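Take a look at these structures.
Two complexes come next, and they have one chain in common, chain A, joined by chain B in the first and chain C in the second.
Presenting the complex of A and B:
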């Protein structure tokens, strides 16, 4: 059933510097995870994106970027799906 | 002539007897009911016998209900008493005023306890000692002993970090496209029907 989603995940992983990828639904259920992205992080990622959307509810969902010295985690919501990409800092 | 007089006399006798009897019945019926209910309706008793029959079952039912009610009442009282002893009604306590002496004593005791608590080591970042100021510094250290996940950055570094560009355009495009494609792929999620759901058991 999830062949299309797997294809999209593979495509994302092929992008440069990407270490991990995660897709979750609006309730925090992990739909797909690959690489360094952990299944258990789905809940917190969805929660972060939900709270970020509340800052300016009239605008489209913002992109949340969690940064450390060398890596970053990009989180964005689209409709009911929240996606996260773990990558090395450029 | 005489027959006419006799007839009239008889008529008058009968009518007076009738009113007397009806008056008796009416007064007897009204004895039981409310004195204000003078209206003859569907509830007025026609016969004396019907009332006597009703009176006898009423005393028996009244004797059976009193023993039941005290049990319920005593049970209710017991539950009420138990609740009153076990439950603390905070709303009914009233205003609680602490004496100024007791208040200052408590402040002293608590600050002494907090200061005596084991102090945590330096955090992974700049360190809590270089935090906002010397006042809350030792207190903050005491409250979070051990390794801290997100240490506060000192003001000069903080302004430098916030001044940097937020996110590169490529990264933004990457994440936006990725999530859009994932959402589109999920919308095409469908159940593939291979076999029948209902299978007949062939029992001989």
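Presenting the complex of A and C:
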């Protein structure tokens, strides 16, 4: 049932510098995760994405980027699905 | 703060979220200040596995189509800058790194 989703996850993991990726629904349930992305962080990632949407509720959901020295985590919501990609900084 | 290119607003907050300075689009915007303080608290708990436990985020950016917010912590203060994205460059929701 989740073949399509798995295909997309595989494609994302093949992109350069990607360490992990995660997909969650609007309630924080993890639908898929791969690599360094932890299943448990689905809830927090959805919460972060929702919080960011509150800044400008009339615009479409923004892309949130959390960065440390060497890594970054990109989060975006599209409809009811929130995706997160963990990357190594180039 | 005025020297940041494309800057259209800024906020300087204390660690507890109190507004110390503000200007431009974000002038006196306590609503955004509260949202951002909550966002920072959330982001500290993101991922014990992908990021090492003591690795706090240095920078958070929130990108919309035509403008973006940059948030960083320094010297126990939270700095938030709202910057515009030049129209020629933007093609939807791209993240500026």
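Following the convention adopted for this analysis, the second predicted complex is superposed on the first by the 90 of 90 C-alpha atoms of A that agree within 3 Å, B and C clash if a C-alpha of one lies under 4 Å from a C-alpha of the other, contacts with A are read in each partner's own complex, and residues count from 1 in each chain.
Here is the rule we go by: a contact is a pair of C-beta atoms (placed from the backbone, for glycine too) under 8 Å apart; a residue touches a chain by one contact, two chains touch by 3 or more.
Just so it is clear, the model here is predicted, and its values are computed rather than measured.
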{"item": "Touched partner set for A:34, first chain B, second chain C, both or neither", "value": "neither"}
{"item": "Chain B versus chain C as contact partner of A:20, first or second or both or neither", "value": "second"}
{"item": "Partner chain(s) touched by A:52 [first = chain B, second = chain C, both, neither]", "value": "second"}
{"item": "Contacts of A:65 with chain B and chain C, given as first, second, both or neither", "value": "both"}
{"item": "Which superposed partner A:81 touches (first chain B, second chain C, both, neither)", "value": "first"}
{"item": "Touching both chain B and chain C, residues of chain A", "value": "63, 65, 72, 74, 76"}
{"item": "Touching residues on chain C, where the partner in the complex is chain A", "value": "32, 35-36, 38-39, 42-43, 45-51, 55-65, 68-69, 93-95, 97"}
{"item": "Touch list for chain B against partner chain A, complex", "value": "166-168, 170-172, 174-176, 178-183, 185-186, 188-192"}
{"item": "Residue numbers on chain A that touch chain C, as the complex places them", "value": "19-20, 36-38, 41, 44-45, 47-48, 51-52, 54-56, 59-60, 62-69, 71-74, 76, 86, 89"}
{"item": "Touching residues on chain A, where the partner in the complex is chain B", "value": "1-2, 4-5, 7-9, 11-12, 15, 18, 21, 23, 31-32, 63, 65, 72, 74-83, 85, 87, 90"}
